[in-house]
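In the two assemblies presented below, chain A is common to both, partnered first by chain B and then by chain C.
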Partner chain A sequence: MIRSTHLPLLITLATFVLAYALCASAYPAMLSLRVVANLLTDNAFLGIAAVGMTFVILSGGIDLSIGSVIAFTGVFLAVILRETSIHPLAAFALVLLLTTAFGTAMGATIHYLEMPPFIVTLAGMFLARGAAYVLSTESVPITHEFYDTLQGLYWKIDGARFRLIGGLMVLTFIVGALVAHRTRFGQNVYALGGGEQAAKLMGVPVARTTIGIYAVSGGLAGLSGIVFSLYTSAGYSLATVGVELDAIAAVVIGGTLLTGGYGFVAGTFFGILIMGLIQTYIVFDGTLSSWWTKIVIGSLLFAFILLQKGLTWAAKKRAAQARMRTATGSAALS
Partner chain B sequence: MTSQTIGPRPSVLRRILPQLVILAVALALNVAVFPEFFQIDFRNGRLFGNLIDVLNRGAPVALLCIGMTLVIATKGIDLSVGAVMAIAGAVAASVVVDGHGWGTALLAALAAGGLCGLWNGLLVAVLRIQPIVATLVLMVAGRGIAQLVTEGKILTFDNPGLIHLGAGTVAGVPTPILIWLALGALVTFVVRKTALGMLIEAIGINERSSRLAGINSRVLLVCVYLVSGLCAALAGVIVAADIKGADANNAGLWLELDAILAVVIGGNSLLGGRFSIIASLIGALIIQSVNSVILLSGLPPEFNLVIKALLILGILVIQSPRIGNYIYLLKASGPQPEPDAPASSPTKEETAR
Partner chain C sequence: MTDTLTPDAPVLHARGISKFFPGTIALDDVELRLMPGEVHALLGENGAGKSTLIKCLTGAYRRDAGTMLMDGQEIHPVSTADSQRLGIGTVYQEVNLLPNLTVAENLFLGRQPMRGGFIARRRMNEEARAVLAGYGLRIDPAEPLTAYSVAIQQVIAIARAVEMSGKVLILDEPTASLDHDEVQLLFDVIRQVKARGLAVVFITHFLDQVFAISDRATVLRNGRVVGECLLAEMTQRDVVTMMLGRQLEARTKARDVGPAGKTLVEIDDLGKRGMMAPFSLNIREGEVVGLAGLLGSGRTETANLIFGVEPADQGRIALRGQDISIKNPRDAVAHRFALCPEDRKIDGIVGDLSVRDNIILALQARQGWMRPIPRAKVEEIAQSYVRALDIRLASLDMPIRLLSGGNQQKALLARWLATNPAFLILDEPTRGIDVGAHAEIIALIEQLRADGMALLVASSELEELVAYSTRVVVLRDRQQVRELTGDQITPDNIINAIATEEVA
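Showing the complex of A and B:
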């Protein structure tokens, strides 16, 4: 049976299949494994960041800082690998620690100062971008043999190269889905999104959960930054401007309710793929300009928001009718 | 509300006093790093000077924050203003490139901005989508639309009338300064001399009860977003006129954040309710003065964002409800003021935030 909470996810899936079918009918070459592999590789950093954003939005919050954190991570890695001789793995650990601490600090500010997440993470966005500028305003290339090794890792099927970073994204989505649906933390996130007051009354540790959510988002943005630096082999403080909006769009297109409480990590995965598909189609077409990407994503975003509104409205109406029926029913009995 | 008990003049002054102090500090810093900061020359029929520059360069943010103040007072937010600026600039440029006059171009740009505002307003007021999401749609798609208008190029133009709006002067004063001063005065006058301002505050405090009290909140909400769109359009035209071209990618980039920051520095709560356009405008000037300090002191402009972030954080701590309660408790545990003393009104205001 199809539950109404699954409906947005199903519609996302249907959109994806339909979009892919349309693309494939126009350009049969898009069915090739190579396109699929590139879809995963090109959207790896966005996907990883979007997993963090899914948790944040599920809890009813928002994180505007991730684009800046990704840029900061890239610049930090590039500068530290240029200036010191530490191993990239140690640098990865260091930067993940930093970004997780950054997310924790934002979560603590949101919870303890009772400020809207929107404005706190806006400050975080300025801070991270500013820190990246202070480290370096130029694009710093990363040349390290370990980077070459990582970039050289791929799994080849029929000429299609499934690279390490694409695999990392898929792994992040699997772990994210498990955490969201199979752990207490995940359940707490959903409870928080359903309503903070109710969650508190149910015994959800609101402080720990809120701080944890933003720590996860910060940490995943850091991981996404590492992936982005592997993808581009450079750190640039002006990179990934506006990625937070792409991530939010992917989450919404993936069927997660923006008010929190409903949604699936898997939906975000298809949201990312749909957005990647639009980009790929435009590349294949060759005559369409890149700005069409923005317009199509904007319209999709709008369509899914409308869908969410419609579903919430229908659910409310049904609940009201059910209440009415039980009320009149019990009246008739007495 | 204080205007009924104390009279409008002293309450306005008291309201904007913290902002004036911050502005004075920012200007003093400017003087410290550049002693001739306040020097204003009159050359070639135009005023020159750093102070004039601050007023002139602050024009786009000042214009945006007029509309943004109203939107935030209704407990909303308008993320699309930067994109609307790009659209308006693109429309104005394409109209003059097609050979029409600057008046037509301005009207077309305002119409485009108004349409964008109307769209946001309908999403928020009629479809009941939360404002941050509703305006996100246009923020994402808006730059694409602007690029569609300019066909992906940077449209340059040499229409003297349109350029005059951004780079010209009237009686020696740069036009942008006059535009934002006039618009700020007009909107303040309209919302404060009629009940509109109070109705907007009522929506921000509690929309449901304001509707039950008979306020047509839908129409008012649409109007507020409409005003924000119009302000953004005007800012977009000024920015385009200033560089004699419409750059769909970079016009107004991140200005929505500056505008929100200006409103927050102006002491307006993001949770809606009481607002002051004058305080927001001073907030815009504070931002521009800070930019000017960084430029004049020779500090790398990279520090600009870090300083802005610290500024927001500081204000957040001050605005935080929990800190407000703490201060209130401190005050309450001190010597009690006379019950009918006017000193009791500011503490009430603080708890209301």
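Showing the complex of A and C:
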């Protein structure tokens, strides 16, 4: 059954189908499985980070630190694999622990010190980027046979290679959607986004949920960093600048309301695909400057913000009409 | 489940509850007995202590003294969630559910049925449907909450509170934004809850609704219990008398009213749809017109309409026979009107600014920011009013929020007196201030009147209105119902005008 809260998701879906149809009509080759496989591989790190961002935005917050955390993770892995003989899997576990703890600390600061998430995660952004510089200012290549093994894993259909990291992104989205819609934690995230005061009165554990949300975002940024290091085989402290903004864009294009409370993890998936599609189109065209990607994404983002405003406005108007109806009724003392 | 309880054993018994705030006693030795299977009305004017008492019961505040017994066991709720677990559920005036979730999600938030680590959505929806059917609601629980009217949302909030708590249900002004049919729907639900053996606390300022649904009432005034009564034995008039209070001996008014001045402000059919029925009022120089009525009767609305806080959509205002247009408070100030609002903490004082800056604010605003008042002049004005009104403070530089309520009120008065107004509107000038300051403000009103100012004073304190008004306009249900002049102005007559039950 189609409900009004599903409308933004449906519009995102329609946009994706329309965009793909337009691309395919210009370049029929874009319909090939190979393009689909590359779309997943090239956007894997962004997609994983965007799942965390979806939780943050659903709760009414923002996380500006994830681009820096991804870069830090890459540099950390590259340096630790160069300097020590530790196995990459252990390094992965270590870095996930670190980034999750980092997110937890930001969440605790936001909740207990009642600070705006924007400021706290902005500080987090500088901290993580700075930590990456401290480790190395150079691009550090990763040469480890385990990396080669992981990079060599793929599932080949008709010449299209579905790589491990693309699969990891899809898995993250599936788990993220389950957590958001089918667990108490997920419901509490929506509750916080709907109104912190009401959520508190209804007995939602606000502290645990807020801290949990930023821990998830930090942890997923760490996972995204691992994927990015697999994608580039290097760690570089200047990499992934501004990725948090791409993630926010994907979440909003995916139909999640920036003020929190409304949206779907699945929407973010299509937001990522739409952004990837625009990039692929420009590659196919060959004559367009890559800056056109930014311009199209900017316009799309603007269109979706207008759409959100329109939907909120329509909802307010409906509520006002309901109030007008009750206000005319008689009540006191008569 | 409550059949085992004897009818005379209260399910919740609060005794000797006191709560102090800096400078005031919000609750003084209050007792509240809630019987199973009764609807208990908690009555009192604004500031009587109803909401403080509710906050103590639900754990939003910690009580400073007293005991709370739930089924004979002493309890100490520390948070609203805690009191919910103990059995006290609360539904507030503003629906406190989440608009972005579905009906079922709201009903089961925090206690969703689980299967294999995941929320069993289908079962949750089915259970929600069954629970709501028990309250006479046949709605689709998978729809978003906002698909339904405020009344239905209230019922859902009640269902959630009852399902989670199950002993005491507190309804804080649940009918404030409902129309007549919706109120009936809510009452049906309240009767069902009552039949299940819960104690229901019902707070409203609509007296008809109190008598329609409640069995007993506890009346509070100024933080004390005035009385507990069976409503079947009472009339509306008795209850209003208890709420507003009055001295039994008739006071003779021995004061010179002085010669009536010229008509200053003429208000003709001023009104705004959905807010205040059109009213007409003439106010002469050297006259104090009192506005009487219960909370929500339209006292504040009248003041706001005249001052342009809410622009009127019909009617006209004339000043000394000339039509003037007041679209916002700036226009009103330009015509030398002044308004001291009801809630000085929200609408009046700027807490962190110094007393001096607060006093000079309105005068400076009228002058325009381009022409600052010289420092020496500011000092002189502030000093003179501090002396004239006897505002007690350590220094003019201290932030105004540090002053006591009475002194804040006097500083606010000073702010408007500094603009030398021709017409001064005071909304509840004596709310929440101590007895001494109270008398001083009343004396000041007398003084201003004698000096030829026109005043409009809204107040819930009848004694006070009787003391200073030359005329009293009685409001009910956002309409003017009566005007009292001269010897007619007695607390009794005001109460009669407020409580008159319309003959069907």
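What we mean here is this: the second predicted complex is superposed on the first by the 322 of 334 C-alpha atoms of A that agree within 3 Å, B and C clash if a C-alpha of one lies under 4 Å from a C-alpha of the other, contacts with A are read in each partner's own complex, and residues count from 1 in each chain.
Here is the rule we use: a residue touches a chain if its C-beta (ideal position, glycine included) is under 8 Å from a C-beta of that chain, and two chains touch if they have at least 3 such contacts.
This is a predicted model, so every value here is computed, not measured.
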Is A:A199 touching the first partner chain B, the second partner chain C, both, or neither of them? second
When the two structures are overlaid on chain A, which partner does A:Y154 contact: first (chain B), second (chain C), both, or neither? neither
Give one of first, second, both or neither to describe whether A:Y231 is in contact with chain B, with chain C, with both, or with none. neither
Which superposed partner A:F284 touches (first chain B, second chain C, both, neither): neither
Scan A:G261 for contacts with chain B and chain C and give back first, second, both or neither. second
Which partner does A:L306 contact after superposing on A: first (chain B), second (chain C), both, neither? first
If we overlay the two complexes on their shared chain A, which of chain B and chain C does A:Y190 touch? Say first, second, both or neither. second
Both chain B and chain C touch chain A; at which residues? none
Per the touch rule above, chain A residues touching chain C in the complex are 1, 3-5, 178, 181-184, 187-188, 190-191, 193-195, 197-204, 261-262, 315, 318-319, 322-334
Which of the residues in chain B come into contact with chain A in the complex? 77, 127-130, 132-134, 136-145, 147-148, 152, 248, 257, 260, 264, 270-271, 300, 302-310, 312-313, 316-317, 319-323
What residues on chain A touch chain B, complex-wise? 62, 109, 112-116, 118-120, 122-127, 129-131, 133-134, 137, 245, 248-249, 252, 258-259, 289, 291-295, 297-299, 301-302, 305-306, 309
Okay, in this complex, where on chain C does chain A touch? 80-81, 84, 92, 96-101, 105-106, 109-110, 112, 114, 117-119, 121, 142-144, 146-147, 149-151, 160, 164, 175, 177-183, 205-209, 236, 274, 294, 296-297, 476-477, 502
